[in-house]
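After this come two complexes, each holding chain A, first together with chain B and then together with chain C.
Coming up: the complex of A and B.
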């Protein structure tokens, strides 16, 4: 076996020190400088493990122990000038999970894949114990995170469109969603088990967060610039369509998943029709109300 | 922040011109904002990312390859590098842009619905109302572009703000011209305070980065300049409203009090929802 890039830690404790991030991610704070003061002063009092009267009276609640592996709330402001904040996985975790990911087609999203991956990466087989629970959800999140961030590489190709001309936003959304579905090809046989794990109540918030982030990324990369309430409706409908298409894909046996692509296109067309219908009704109602008010004004009513 | 109103109100009608520049130059470093630009190790990432990505049209940054964690470089080595934004800074910027967009949307709708009843009674006010509307529409376009560029979500209560602004504009327009001007005066006063607070916080962030030796890019300088320009135009609207008898609206204290309280509540909610 080739010499590992990562030194073998002497003990489980040493391994935990390596695999845990140097600092725990900050709790996301919404809004004003005033609230920042409360964060600064309040954080010390509620720090888990703080020895004060209230913490001694009641047993420490598990819910307050911060989990280093959960990403902070979806990044709220994307800066083009400044370097991006760190991803949800530390470098050592990334090495372990990327090695374990190669074992997934054969062994599924299981602890066997994690143990074999740890061995491949040159770590102790007990290394996956650093992840909360049995570690398989971390492996699933690795798949979701890497495939989502890989979409950015396909943007140029998608935007170029056909020889007829550059692709419009709707076409780019379809292409990007299809590229993301294609990325499931290697592990599609194991995906139903993974969906079952993601549906466990403790994993639902993170799973839905990843789905929402995927829909946001696809719409952003497709060039959608709307910032009115359709921002929410587009992302909600794209999340639902993607989830349905992915579920369909797990039972699709057609070559190159062409049935899945047809399914996706039908759903997107329905969503577009529904959106156009709602917009038309809204436009009609707005024009009618405006016309009524203007007619009354022209009759002399002071409104 | 209590300080902007105290500095601003007594000076307002005495020294209009130096006020705006002096407000911006007095940067009161308050402890409440230290979190936003603190250089402590807790706020910076434990692993240094590859130094700033070259400016690319591609909006999404791909995840950095695993790299061994490195310690914080000393300030002399940071020239030309930009510091990653902390989560609280990102949250502040997102909520600031969100509130500003909601505010400009409300202003645009107020003018749209105030104009017909006011101009029907006093046609000579048409050019003024048109000018103020055009400036607000420009502000709205600016913030829409900023939100789209920086991937900030709009306020979830967008339809509610639209309905309330429509109702407020129409109601004050129908009552009288003075009431419409008093509404403008109240809204622009709150907005002026609000923009000043945001500019102050942004300048503190910039000062913090410069103190640590990091580079401050065009993005932030442009953002501060945009907010200053928009703040100046809002204060110009305030001047116009006062010139056109805003103070003569009958229960002036009630109208402006209620509208200012409503604005403050809407700002507080939009920052969060």
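Coming up: the complex of A and C.
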């Protein structure tokens, strides 16, 4: 935790294997702790073209690799005090969730979407029962995970024409964050309910984990190379800003979410000025509590 | 007395150590047949089943004398007493489960069935397909009844039928009696009972109650005196790809060949069908609280349960067996890997721990080819 080693968040190590943007600076490879490289394997297995099949669990291709766990040694001072990220999905999960996800705009993150998706995939309505815990939360993780990792595919396009240097980094951070917010478009009407589910105690660690990963990926893709203590503050404040902007977005009716983008830009500018106070977890919890209250109100509860 | 013997007869999968059985002989010689079948049915004549004319003993007569243990009672009295015996067997069985699990088994079973959400079907196009659920090692019906309730009542879907299967005709007969007492007619109509060994579901037959009651005509009664299903008497089998959901609760650790049972589960399931197993498991001891719980639970299960078993059912060996079979059962990860080896796919870790791993739910889906 106190080790000043080069921070190496889980997703990035994996992403680097599939994505080597020539123009973007790389972190020094020598600093990669071996323990981390092994525990981080397999963070990006579901997108087409991702090569990591090592943690897929199916009879023909499985290798019994434990799910990625952050060992204490691998935790640098980006103190992600959360369990491993919702890593790759098994083939069963991918088949069910990819089909169910298409039903989310109409049916929300619900059992209905899962059952209909199962049917669409040529499976049975009972098939989603295979999820050990909560299939609905898995569907939410599917959204978070696929949209986060999809950023890597768009980075060249998104970053095109941005200058080099710190100004360029800031601009790319803004554009990538906006790109991620736009990816909520199809399901934005369902997102407050999803936030309420994410805020359930048993889901908070995984939800916060995804949020931290997102901030981390954005900064990495934007070419942020800082290894000083600001590494942590940047991620924390970007997490908080993203969470706030996303919540704003759930009530934004302006065309093309113009208001949301303006909100995002204001928050980023403030953070740059104020030197970014670190309140990410608290803020996220606060925002999410807000969403929960909204959802309960919409269900007729007087609070 | 009768209840205890019946209990033991209803649980004949329990192995009997030589010492135990000789003890039992010594104590129970006079009551080896605590309730014999009716006089007529206890001497079935193989040729009579081919005889189209109904023998007069096949016509129920409440006043006709029959055997109950060593007493001669009327058929009507016997029916009542048999029912009473089965009630106490079931009761004893429930009590055993309560003791084994500190009463948690009810909570686990509720959670197990709720997590499967049988019969859930969003109204849409095309209209929902009927669901067929196979409850293996169904015993006295705890799981099957919950499945029916969730499907028919909670999810309002009457297109769900449940087949309850067990290798032990006596347990299944208890289940049938309980169903008749507890379930509304519509649910009874959606429930059927099949004798089969989970390790080979190609051989099965509809339940022939054990011991036979008088609702079963001697014509139908081809059963031996064995409470176990005899594959030689099979009249049917569970077809390939005919089941949406396969459940087994607190049964699989008793199977002598678990991989064979898993292969059979895969065979009878439709593509997309789900295998779901609730079973005692290994307490997660990496967690400090888990480690403490583990120590306490082991102590409890190895010492206290057999003792209490002795008091409750005077059958220390049976309880000892149950405790040991739990301890021998593979860990969560090992069992998950057995499910994968049988050709299922899993989601996440493939299992969910209950009460810190005292029990666990494992699930797998049969993939499309």
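Quick notes on this one:
In this section, the second predicted complex is superposed on the first by the 179 of 303 C-alpha atoms of A that agree within 3 Å, B and C clash if a C-alpha of one lies under 4 Å from a C-alpha of the other, contacts with A are read in each partner's own complex, and residues count from 1 in each chain.
Assume a contact is a pair of C-beta atoms (placed from the backbone, for glycine too) under 8 Å apart; a residue touches a chain by one contact, two chains touch by 3 or more.
A quick note: this is a predicted structure, and the numbers were derived from the prediction, not measured.
Legend: residue contacts after superposition of the two complexes on their common chain; A:137 is shown touching neither chain B nor chain C. In the superposed pair of complexes, A:109 makes contact with neither chain B nor chain C.
In the superposed model, more residues of chain A are touched by B than by the other of chain B and chain C. In the superposition on chain A, contact is made by A:118 with chain C only, not with chain B.
Legend: residue contacts after superposition of the two complexes on their common chain; A:91 is shown touching both chain B and chain C. In the superposition on chain A, A:127 contacts chain C only, with no contact to chain B. Across the two superposed structures, the residue set of chain A contacted by chain B and also by chain C is 90-92, 95. Of all residues in chain B, only 1, 30-36, 41-43, 45-47, 49-53, 55, 58-64, 66-69, 82-95, 97, 101, 116-117, 120, 144-145, 147-154, 156, 158-159, 170, 174, 197, 201, 217-220, 271-272 touch chain A in the complex they form. Within the complex formed with chain A, the residues of chain C that make contact are 115-118, 120-122, 124, 128-129, 131, 244-245, 270-274, 276, 337, 340-341, 343, 345-352, 361, 363-365, 367-368.
Residue ranges of chain A in contact with chain C, taken from their complex: 57-59, 62, 64, 67, 89-93, 95-96, 107, 111-112, 115-116, 118-119, 122-127, 129-133, 135, 138. Residue ranges on chain A touching chain B, taken from their complex, read 21-23, 25-26, 28-34, 36-37, 39-40, 72, 75-87, 90-92, 94-95, 145-146, 149-153, 155-156, 216-217, 220-221, 225-229, 231-232, 297, 302-303.
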